[in-house]
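Which chain is which? They are A, B, C, D, E, F, G and H, in the order written, and residues in each are numbered from 1.
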Amino acid sequence: MVKKIEEGSHAVADVVRLLNPGVLAMYPITPSTHIPERLSEFEANGELGGKIIRVESEFSAISAVVGASARGIRAYTATSSQGLALMHEVLFAASGMRLPIVITVANRALSAPLNIFNDWQDSISERDSGWLQFYGEDSQEVVDLMIQAYKIAEDKRVLLPTMVCMDGFFLTHTYDVIDVPEDLKGFVPDYKPEHAFLDPKKPMTQGAWAMQEPYFKLRKELEEAQRSIFPVIKEVHDDFAKVFGRSYGDGLIEVYGEGDNAVVTMGSFSTNLKVLADKLGFQVIRIRCYRPFPDKELAAALKGKESVAVFEKDVSYGTGHGAVYNDVRTVYNGKMVNFIVGLGGLDVPVSALEKMYKQVPEMKDAETRWQI
Amino acid sequence: MSSEVISSGHSACAGCGEIMGERMVLEAIGKDVIVCQATGCMEVTTTPYPKTTFKVPWVHVTFENAASVASGVVEADRKLGGDATVLAIGGDGGMMDIGFRALSGALERGHDILVVITDNEAYMNTGIQRSSGTPKYASTTTTPAGKVIPGKLQWKKNIARIAVAHGAPYVATASVGFPQDLAAKVKKAKSIRGPKLIHLFTPCPVGWGFDSSKTVYYAKKAVETGLWPLYEVEHGKLKIDQKPSFAPVEEYFKGQKRYKHLTPELIAEIEKHVKDRWAELEKQEAAGINLQLLP
Amino acid sequence: MLEVRFHGRGGQGAVTAAEVLAVAAFGDGKYSQAFGKFGPERRGAPVQSFTRVDESPIRIRQEVYEPDIVVVLDPGLMKVVNVRQGIKEGGILIINTKDKVPGAWCVDATRIALDTIGKPIVNTAMLGAFSKASGGAVSLESIIKAIKERFPGELGEKNAEAIRKASESCSLIGV
Amino acid sequence: MVGGIIKDVGNISSNKTGSWRTFRPVVDKNKCIGCGTCKMFCPDVAIEIVDGKAIIDYDHCKGCLICKSVCPVGAISSEEEAK
Amino acid sequence: MVKKIEEGSHAVADVVRLLNPGVLAMYPITPSTHIPERLSEFEANGELGGKIIRVESEFSAISAVVGASARGIRAYTATSSQGLALMHEVLFAASGMRLPIVITVANRALSAPLNIFNDWQDSISERDSGWLQFYGEDSQEVVDLMIQAYKIAEDKRVLLPTMVCMDGFFLTHTYDVIDVPEDLKGFVPDYKPEHAFLDPKKPMTQGAWAMQEPYFKLRKELEEAQRSIFPVIKEVHDDFAKVFGRSYGDGLIEVYGEGDNAVVTMGSFSTNLKVLADKLGFQVIRIRCYRPFPDKELAAALKGKESVAVFEKDVSYGTGHGAVYNDVRTVYNGKMVNFIVGLGGLDVPVSALEKMYKQVPEMKDAETRWQI
Amino acid sequence: MSSEVISSGHSACAGCGEIMGERMVLEAIGKDVIVCQATGCMEVTTTPYPKTTFKVPWVHVTFENAASVASGVVEADRKLGGDATVLAIGGDGGMMDIGFRALSGALERGHDILVVITDNEAYMNTGIQRSSGTPKYASTTTTPAGKVIPGKLQWKKNIARIAVAHGAPYVATASVGFPQDLAAKVKKAKSIRGPKLIHLFTPCPVGWGFDSSKTVYYAKKAVETGLWPLYEVEHGKLKIDQKPSFAPVEEYFKGQKRYKHLTPELIAEIEKHVKDRWAELEKQEAAGINLQLLP
Amino acid sequence: MLEVRFHGRGGQGAVTAAEVLAVAAFGDGKYSQAFGKFGPERRGAPVQSFTRVDESPIRIRQEVYEPDIVVVLDPGLMKVVNVRQGIKEGGILIINTKDKVPGAWCVDATRIALDTIGKPIVNTAMLGAFSKASGGAVSLESIIKAIKERFPGELGEKNAEAIRKASESCSLIGV
Amino acid sequence: MVGGIIKDVGNISSNKTGSWRTFRPVVDKNKCIGCGTCKMFCPDVAIEIVDGKAIIDYDHCKGCLICKSVCPVGAISSEEEAK
């Protein structure tokens, strides 16, 4: 493992190559595009193990990946925003079929108006889809998450598709010093599916429909899988730390600093909040694993806080809040406020965060402020 | 009882031409196959969890994506060292309408897949609604023949020619009324690398409103009247497989509820269309032109 | 922490310059970060990019609002953009220009680029000027090494040459 | 039941769709020449040719009577299903 | 106005005909299909004012409707489940463009496994999309909501697209005694758009893209619109009551019965709960307007309850709860439990509800039970 | 300054052939138009809120749906008593790939719209990725010419012929190198009811890697070498508009970065393809066959 | 409240029967509700449908689990489905059959349908039997009126005839 | 700003894209025959024919030099933009 300085997208492409998916389906969309571009270079130069399918839409990207995974091979795609939105229907199908696909989501705002910059509306609006969702703070963590994600997704106790989310531009298009492993040290074994593989020698039916009762049971099973895998996520995270020497909180949430007041957030955005926390003395709680939602861990971390401020880059329209606020509110009863920031890629410097944070005392419980 | 590829016990309607066609296709392919099925009658009547009609690998994902699922399956299969015939199969709705972007993309990319459209000329699974495969003037539940509109107003979409224009190396039409012809075409398709498409005519007793015993009758009549030409286009070259006797189209319409409102004028219009089209088809075959012509 | 802002036009390689600078700083054993300010702009439209360099890992994700150093790839921009905006007290301004701009480091990078690379592509040459003007905040060797990695072969050599020349000929104009 | 996958392929045969029948096709063994035409077209995979004669699987035959209509020698007749 | 007995879908088609949209785009999907079928009959017999477009997919259904609305005409479509999911991307565009489209959603479960029966996962998973969402308890209310929905959506203070949700089969395919107005008594004036109309005589640009700041502002404006229109919804509801003689709570929520304990739910399902409430003496709070989310009204209604049980037919996978529970939890701190019921159309008779409700005392706060 | 239809100040690249083409089309139509634009360069460079390049009604919704938005617009327009030319316009990506289901559906339903594909042979807005419109062997960022793969491996999708097979009454190819020809085709299209499609060749200096002053040069060269035939198909009948001089295709490739890896073998392959295709085209025109042939 | 369950096969019109019965009850000045139990089943597969009739508006949304009356359109179903399931104490069972089933109201509706309508479509005829067996819970006139609305013209007349005949010929078989 | 609609059509002209220029096209009025070829092709709508001569709108011309390359009489030359 050597540190290098590299664009976030390219670091992801590097690690995807190592993870060696057999089929990669790709469709360009800013800001995820540099990933397929780099992978295409690998392929053109004979350096890629898998086969890239250059589909005609993201609907087909996810469909081809579902097909490949159903055939029993590791499969990959990357997308953003409108592309993820176009996959919506198939996302629900993929989780229902329990296919351990991993995709990288380079988070970007949703249209209208069209905007190519970062916020989380795209993946947040897929939070019901039955997929695991991880949000990385920096490209290093995204790279590490990619490795962990395949291992988690393919674990027999899990078998769920997974989104690794990285902030568009802020991470995808930024050169950072990153440690991209040169080999995976056997950490992620080859994918040898026992449940789903379309092999003429051992025929099976996948994607059957279901009447009321089996439907209800299969959906219950899906939710039970989601809710039971916290230990697997932690375990893979801890094992990763042992092998690669990097760890992130308990694998589900990361608690940074001390303080009677807390800020909850996700993604790359946490970095500036940590800088501010150092200055103002609050605690930053970063959600790393957003689905399944680590309610117990969050409840414990927030217990007894004087105030909790959720900073987020998405909105659950009509609720007056962001989705993360709404989720966190379900486990915390004290004073809680919400800042909607950075939609459409608006830069949120530490100075702006400071101005916002200082408003917390004057704010009413459950108040939301949209801050430019 | 059951065939090598599917089992009885499915819930397709009595007399269903589509399941007949799907079985014929699968039997012609044999067991080294992976089926990617679009939503529709053939999915809903065959695989009520935890039961399945199929004895070969079969997958269904959504209505729109059989061809893209097949794209992923075939590339994965080849990576894994397999050489299965990867079949993307769906109805006229699943392939010619909502699934057509996926189909077009798969043809254009050139995957080694076989596409079969089991065309019963409407969305049957949801109750006989108009598709682009519905023939002109047919009455469906969304193009009912009424006081001011006599059924569907457009001609049927020419999916075979569209597939040819995509550069698919092998495209053919077929009908469940002619199983040997169909089997031969499936086998020919299997022998060719790249994307192949067979547009298969599969009458539906319920959707068309005829007696369940008449499925094969109509499957043959459509060919005999010239309404459903049987042809192949290999690498752009058209070859007509069977010249019809040109029985009057009325013989074909008779006994089908979807056509019972047809007036002599409308029938005459269709009759003329069929004749003109055949004249053209023969001219094109004779001219030996290449219908692909990729830029 | 050293914060740098580049001004250029779409197609001139301002983002590449910021990236190469970051790579070079990393080559010097430092931590660095580089990114562009992206928009839908096409060739010719004003663009910005940023580099941060520090001894320790960089823990900040925001644009550079108060740069230590500003590098201007295209003199024409001076008329349309306030390139001095936010520049720190005592900050350094480096301009590609034939003219002598009082208080700024000036270099005729276009000339140099035409002479060495054969095209008016000045982003790399300006990194030479950067090294000089910043007092070696990022070393010339590392910049040249980074350039050769990015553009292997002859093109790299030519760019290295441009960098060296620009470093030599760049000078601070008195106020 | 992870992911609703079915490995017991063809198990739908436990659905006895013979109960759907209103009319029952009956093969006249004397006339049947074992050509397999009926089998070829039966949508319910309910016919087999055994010893040169068509045998109908009444557990699954839905009674569409296609077999009757395609039999080249008229070996299949139909009768109302006894209720 | 004459009461008649009619299938819910046909009642909707009847009222849509009266509302006279200029363009109707249609794609069949169970259980919404009877609506376009009936409308097609009207058209075939020369009894429909508008033009039906029989699109090739739901993506195009919503797109054509967006186009028609952008041209400045009233537009309509109906869909369910996979169809609504396929519209996902365009839903966000339509709200961002502030087009007052109204669609009927015949609620149905989402695949995989495919299932044609009723639950709410389809529209619930579009709750972030910026659309208004109303859920009718019976076909009568759905018919009334259709009328109110156009009036609300087209109000200058609103200008937001709207989903009128009705439970698939339970309402769409059921014959019920319904009062379908024979004329609208001028209650819904013709649509005369002042903001959006593509008229060559007065050219305008619609659907422009936006950089960070204008994007942020436009999104803020969208949320402000959502959060400010509670009075409009109530006003239209009250005016409707005056003209047509029927009303539903305060237009946002309906509170049924009395009791120290409350049950919160939506849709047709409320009926059985009301029957049980009569027997067991709890209060039923039915959410009629789910987006915008009537947090104030709900908080007030729930205040001081001993327990609140949310019964719902959807899941926000990975949270351990349904989406309605999560939303209601944001305004209520007391003991609250969640029942996930009826997924995939499972019948939930009063007797089953009674068994469930009787478990509430023994359940822990925040506990969720999935009940067949 | 500005034309009647668009204004200067947009941010298309210097030398952009696509904005040139879009303006030419709009000028030929005139002001009674409603433009439905797919996502792409022509949307992103023209309408940064709160500014717009257009002086005629213009709407953008998503990347995939220009043709379906146009379907809704035109039906609404007609209901409101309008008779505007409803233009669905987008790049090769927006029309031939992701927007192709919508396009196919609109053609099949027969709306009275004009479809224009401004083809710059890749997804330019996102940085020059492969589309089905990318020519064989062109290097793009997702089909880079590398050590083992020489660029894109498939031929270009024949969207004009595919549109003809859909039964569109008027289909034509055009190039911004020939503005009079283009204007005449737009006007002809305007005069015909039903769906019309013009496949317009629009070079992109940035994406193809040539000097910004050469846009018109390449737009003409493509025609002169025979690579981009100019023809019309009216009600199925092919009419070639201009017989090329058959300058060597190499003349066209020269100076374009996307082709700089081409070997003599690859060039020869393309040269042969062009010649064969022209021979076929002429044969088809001479044979006077009907290319529509709806079933 | 009167709760009715119909058993039939796909294509036989069990759902239509339930609906027409509800319409007829409404014609009698009552409130009613009707719905089918839907599945993917095709022609020939067993299906169920339900009707509720009451003096006051119907406030319940669930299947009929304990019917007052069960109507069986297809005698063959008796072998594959437990048509008596959940039937109330004293409930009524009405069967289309040539046979005499002890304890049930029997009518040869197939015969009647063939004679009147010319096809073995028995769903409407069974409503005639229903009216008789239920002691006029829904009136024959309203049923006939509802049928004529649903099937205008000659077809309605023929069905009305079938309804009348079935009502006349239907009888309770002693146990 | 409801729905991001823009009614002030063509207002993008306030973007002065002339600043993008590296090379400036210059029309030689003596040679220009006013044929309009340059205007026809200019991607930036930056040319008008006034009194039979091409006039360039330097506020918007991006300097692609297409006009120079298409001018049938060579009336347009280019010079480096003064910086």
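We take it that contacts are C-beta pairs under 8 Å (C-beta built on N, C-alpha and C of every residue); 3 or more make two chains touch, one makes a residue touch a chain.
Note that the structure is predicted; figures quoted are calculated from it, not measured.
Trainee: Smallest number of touch links from chain F to reach chain G?
Mentor: Shortest path length, in steps: 2.
Trainee: Out of every possible chain pairing, name the one holding the most C-beta contact pairs.
Mentor: The chain pair sharing the largest number of C-beta contacts is A-E.
Trainee: Taking each chain's centre as its mean C-alpha position, how far apart are chain C and chain H in Å?
Mentor: Result: the chain centres lie 32 Å from each other.
Trainee: Measuring centre to centre with CA averages, how many angstrom lie between chain A and chain G?
Mentor: Chain centroid spacing, chain A to chain G, equals 56 Å.
Trainee: Quick check: how many Å separate the C-alpha centres of chain E and chain F?
Mentor: That pair's centroid distance is 42 Å.
Trainee: What are the residue numbers in chain B that touch two or more other chains?
Mentor: Residues 11-14, 16, 43-44, 47-52, 54-56, 60-62, 64, 97-98, 100-101, 104-105, 108-109, 132, 205, 212.
Trainee: Got the chain A residues that touch at least 2 other chains?
Mentor: Chain A, residues with two or more chain partners: 54, 56-57, 82, 86, 89, 93, 96-97, 111-114, 117, 203-211, 214, 217-218, 347.
Trainee: Residues of chain D that contact two or more other chains, please.
Mentor: Each of 1, 3-4, 6, 9, 16-17, 20-21, 62-63 in chain D touches at least two other chains.
Trainee: Show me the residue ranges of chain E that touch chain B in the complex, using the header's touch definition.
Mentor: So the residues of chain E touching chain B come out as 26-30, 33, 36-37, 40-41, 43-46, 52, 54, 56-58, 82, 86, 111-114.
Trainee: Taking the touch rule as given, give the residues of chain F at its contact with chain C in the complex, in rising order.
Mentor: Those in contact with chain C are residues 11-14, 16, 44-45, 48, 125, 206, 212.
Trainee: Any idea which chain E residues touch chain G in the complex?
Mentor: These residues of chain E touch chain G: 4-5, 7, 116-117, 169-170, 173-177, 268-269, 271-272, 274-275, 347-350.
Trainee: Looking at the complex, which residues from chain G come into contact with chain E?
Mentor: 18-19, 22-23, 26, 31-36, 38, 40, 57-63, 65
Trainee: Per the contact definition, I'd like the list of chain B residues that touch chain A in the complex.
Mentor: Those in contact with chain A are residues 31-34, 36, 43-44, 47-52, 54-62, 64-65, 68-73, 75-80, 82, 84, 101-102, 104-106, 108-109.
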